[in-house]
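Chains: A, B, C, D and E, in written order; residue numbering restarts at 1 for each.
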């Protein structure tokens, strides 16, 4: 943690994420017009940024600042739940598959390969269609497409760790595989998982935005950022503010998560640790 | 090394545009149909191919039906036997003469494939009842009288059996080949070489078209159709001069900008395409008329039409386009009146209508207007205590859902376009219970009185009688507030200013290249 | 005296793969090893890297399945069972890794690691466990407060002490020490060796001491077996082996060890040790042996007694001596 | 090596079969009814039912799956229910477009990512490092569809430098198809004007698409170089008097590239995904938009074929990555033998 | 500061290290890795640097080779090589280097030849072909099997012993006047170690090169080096001819350390305490906290080097005092 804070880039990421989390937590109180999550005011359509509406208004006359603030919650919810769900599937699979070289590990990794070979976005789109488009669907679809990355990461870590001397020593003491995997391999794989998770959050927000853009993400009138950019397309370049501010919000939050992940990677990577004397 | 030199040379060329002596071809930016086989598709984009590469017995010019391959027709008093006299000297693109046998083949093929364009004919016409009386006379004997028969006639492209014959596979009537090739007689010849479905279609002028070219001193020789996926890219490409036209659904917010551009303009034509919010009349609470009235009064027609769409549409209070015959005169549209809406809703609640539940409105995500309308409606309904949930969907998804009343959404938002100019296309197919299970009839409205009025109108061939019957049915439907009809479309097509002679037709928004020319 | 652990004709094959797409024969890392360790003694196994020392140890421990031969533990045959069962059966045998620092989970406090061993063995009473850990830490010369540290906070010598404490907690009878002083500085090595001796006396342990450092082996071992390419080539009481090595390999090994007086005592060996994948015919040492003749190339020598407790596996040990 | 490749291909087969089945199940349980779509806008329920029987869509799902797999095995991908054309033919046109785009993006990613990563690593924790990290991570954070529109506005509309859409100017026609890659085909046809034009069209989409790849490659090169710099052989080489430039540029980089090459394989999947939005906005007639259209139109035959083809390409790319790794690292080559 | 050479300025020297200090800033403060190290190496001489881990051996070596880690500072001292201060103007090519670990010191992805030739590129006269011929000759000299093909092989195709021969050849390739070896045999088995050491000795003396040999193994030391410098915590504790130092160590540290050698010790004791961290060196004599005969003064004054006879010095004023029996075991 200390090392992380000494890295200005990672620090910036950390601040961005914390800031976004705070905004999400207090969104309804921070937003100047919280009702603009759903209300429309046709007479104020597409007003450029002003004192009254710092980010301007959208095509239904809603305050973009309020919607960007309210959308933070969406973005973070999506990121966290997708990554958690993907971890829930991917981590156990990676552990089991990485522990031994047998038919089970072969099967699990083949399944992972299958999912990796499908372009995520297409799979998510298809799943989105399958389960009636909407935010929950998008989240389910993204979880279902992101878990292979966890499975791969944990698989590689488990394979690396199963050869570690301390695992061998535990086997020598007669520890059960479940015990070794859960109490020893998993915590040791944690840095890699954490890094993957942070980067995954950024990735998820971005993909969710693309899904929103393609119409299988959040449903209107949700103040979702990707949806906002999609809605703004027809109003470019005149109403530049309509697309710009939600786009910037996506950029900053994803940037935050990625910088944090990047910093964590440097801290967690034992190979690089030595160089940070 | 030689490759390197080539690369270098290419980079030098990079800056200099290639010299082109000939006039630039027309680049058409409208959506292409999924296939070039006009017996398989029938939708708005297909009209571009149908009108330019093929000919039918009749054709719409503006709102009028004019004889085309046919010189004239006769119909028996019972409305069952129709005879069409063909124009002599018509040639297909391969130079062979178009005869009655070819027309018969075309109808046989249409009915055998039994896809969308056959819908108007298959219930009333058996293939064996289409016959060639002589080389220039075709006879149709219908199973039952069908008023819109003539109005539907332009749907059917007459194709060249001699061009298709070598490519028939497994009894498919040459469907696979036809999907990407030309077998027509129209004013333009499709070039299969560069054709890629939904990506590119090139056409060249057919000098021997039967209508001749006397009407157009400077016809366009080469046409390249390049549909553009994204609206923003489409508009930008038009303004930058990469395209000569957009589709005919230019976003209203862009109209002013396109008109302001020195290079481009917007062609505005009142069309026949009704925008409506559908209600599933068979599902509670929409089985209650008060609920429907409540909803009808809660939609901000003026706000939507005048502010969001900038007045580039026409308020349309019923299912038929205002500008169509058969529409009852003096039909009073519903007004946006939240107080009245609340009254109706209260009454409905008192009658036990389950207005407390979340009501789902399905929108077509790729069509921005459906989403806007739903969002605006949602905000207003909230004020009368109704909770509307917007569900993004696709046309494919909704069409599938509307096959049964139980799976049909509470509400959905869409347009009903002109497939043929006849009230049958709107009120007839939308509110006659015999069409239940099609997306057009997805209100699941069922009223024996309307059914009988519409049946009579359908089976009559007397225009005046039909007009009365359709008007009567329409009045009942509007009185029952079956759906929420919002506007009739004004088609907005961005055009390069060098395009002259653009002609509009409400069926598929026209775009007959035959009439256009380019000024440089 | 009673035998603690013994092996007869033990064979261990490594790396044999039988997958869907590949079938690969393994290498015989241990190839017909017989030995007998008496209770209370320190039995040294020496040899160069790759000679099969560690594989032998892991097999005796039960972590590696033998492909043939027999293992006896306190006169009961324990070989021929599934690995999971084997390890449980041989709880009296424990193993100290070459690098005990790496054998500790870096995420766990040392105390927790120690407690875990007890828990695995079925001791769940926390206070009892804490007492035993404190007692054992003291026995290896560490303050019980070390339990709060993480492995990377320990020096090499301390890590080795923790490694010992970890297995001592389990009350083993036989401890296999794998290169217990590799990588240690001289001063630390001395302290560790002394500790090992003290612990043996205090807890009545038997050691199987694996090392390539002849000076150390000479100092601490009672019996020594010399391994070459998976075989024991000579075995004798330490004093006798160092005084009168019989096998040419043993002599070369002893001669090659650097001495403080800087003098060389034997001619150097030819070439590098061959790989287990290409074991020479006949006597496997013959390509590097100064005394090799045709018989060495053709015939594999067998163990022959030289003196009481001293045997050698060489056709020519008499002439060579 | 040949045996290894064969083995890899054999191993990929079950994964591909799984892929076919997975997508089959997925596409066939999507609530949109292919028969309804086939029948078209104006169809009657009777027509839809007729089509359902004609196309075997009323059969039990498992029987349809078996039929489908059998067809795929014989190399028959079927016809698109939407366009009526053989799917193989349509993909034959679309795949090269996507490959041209993704390879261009990959090329840019490597061209800029590797030197950036190297620079960052050499200045570990210094200002250059921080800037490169910020930029590369920023690249990973930009939503492609947003950037694409912005680039259009700036480079096409404002500066009038580059075309907005498509692969070639409409007036130019297309080069005779050999590979389907316009850059290559135009050169083969000796049409340098066309080559230049195709290149111009490629710039904006490739730049948009390359950013995430560039970022990952810069990151992995950076950590690869950092790791290599820790190695004893670098110390040895410094002691032996290698010049600093050669040390960094050749000696260290080549080791670091091993890590980066692996990334290229993984990136490919992400690139194809990213291509969906980029293709849509730049009107690039590639596989991504084809897939989206197929999904929207419930064209399950097309969607199945797309996923299969992408799966095959993915597998091929990954085998190539392994081969490339063997070329870079002789130790890997040894293992493959 | 102790300058053990002050009394012998006229001695001809190949390399003279004078009062060298190296400091490296760390999170925990400045690590004073080396502090006032001095010694001299005559032409053709061989000096062993011996000490336990953390005593500063490798930093000394890196300073001499001019490859100190990033951030390291040299606040004082000189390294004179043939009269030239190589801390200021690094010499390359004239000092050959044999690294510790032959497994890790060759880049696995390049052919052996490419790597060795790259090293010669800037520092040896002649063309690349000349370099090739020269290396192949050297491969004969180091008894590498198949010397003709060795240049085209990859590192992993050699065994450990062969790789070390390869690196010895590389160290000699530019005809250096000094060869610096960093524990070149620790990664090898004893039988191989013996061969390599013998080879190294003969090559060095044949070519009359100087040898600076870093090791922690007294046995290896005694078979290779004429002189020895014993380092403790960044300072030279004792310096002298190897035979003398091993037979009659004077510094308490050397004496206790040698007593730990299994060949030497009568009982195994070890040295109490641990080597201090480089960031927390004790004042005065750095060994005093562990020294059984330390006096109060030891904690204050840095001990001067005491000359015992020509070429033999010890940094302890009490070197003549007997150590208690228990300390020697």
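Here, contacts are C-beta pairs under 8 Å (C-beta built on N, C-alpha and C of every residue); 3 or more make two chains touch, one makes a residue touch a chain.
Predicted model only: the values in this text are computed from it and were never measured.
S.K.: Which chains lie in contact with each of subunit A and subunit E?
M.R.: Shared contacts of subunit A and subunit E: C, D.
S.K.: If I average the CA coordinates per chain, which chain comes out farthest from subunit C?
M.R.: Chain B.
S.K.: Decide which interface, C-E or A-B, involves more C-beta pairs in contact, and give its chain pair.
M.R.: Higher C-beta contact count between the two pairs: C-E.
S.K.: Indicate the whole-number Å distance between the mean C-alpha point of subunit C and the mean C-alpha point of subunit D.
M.R.: For subunit C versus subunit D, the centre distance works out to 54 Å.
S.K.: Determine the centre-to-centre distance between subunit B and subunit C, using the mean Cα coordinates as centres, and give it in whole Å.
M.R.: Distance between chain centres: 87 Å.
S.K.: For subunit A, jot down the residues that touch at least 2 other chains.
M.R.: 129, 132, 214, 233, 236 - these are the residues of subunit A that touch more than one other chain.
S.K.: Which residues of subunit E are in contact with two or more other chains?
M.R.: As it turns out, subunit E has no residue touching two or more other chains.
S.K.: Please list all residues of subunit B that touch 2 or more other chains.
M.R.: 230, 232, 366, 394, 397
S.K.: Residue numbers of subunit C touching subunit E in their complex, please.
M.R.: The touching residues are 48-49, 155, 157, 185-194, 197, 212-216, 218-219, 252-253, 255-262, 264, 268-269, 272-273.
S.K.: Show me the residue ranges of subunit E that touch subunit C in the complex, using the header's touch definition.
M.R.: Answer in residue numbers: 52-53, 159-162, 189-195, 197-198, 216-220, 222-223, 242-243, 246, 256-265, 267-271, 274, 329.
S.K.: Which residues of subunit D touch subunit E in the complex?
M.R.: 231-233, 235-243, 246, 251, 254-255, 258, 328-331, 334
S.K.: Sort out for me which residues of subunit B touch subunit D in the complex.
M.R.: So the residues of subunit B touching subunit D come out as 3, 6, 9-11, 13-14, 18, 20, 24-25, 27, 34-35, 37, 40-43, 114-120, 122-123, 175-176, 178-180, 194, 196-200, 224, 226, 228-230, 232-233, 236-237, 239-240, 242, 366, 394-397, 399-401, 403, 419, 435, 437-438, 440.
S.K.: Can you list the subunit D residues touching subunit A in their complex?
M.R.: 12, 14-16, 18-19, 22-23, 26-27, 29-32, 124-125, 130, 133-134, 137-138, 140-146, 149, 153, 157, 219, 223, 226-227, 229-230, 269-270, 272-274, 276-277, 288, 291-292, 295, 303, 306-307, 310-311, 314-315
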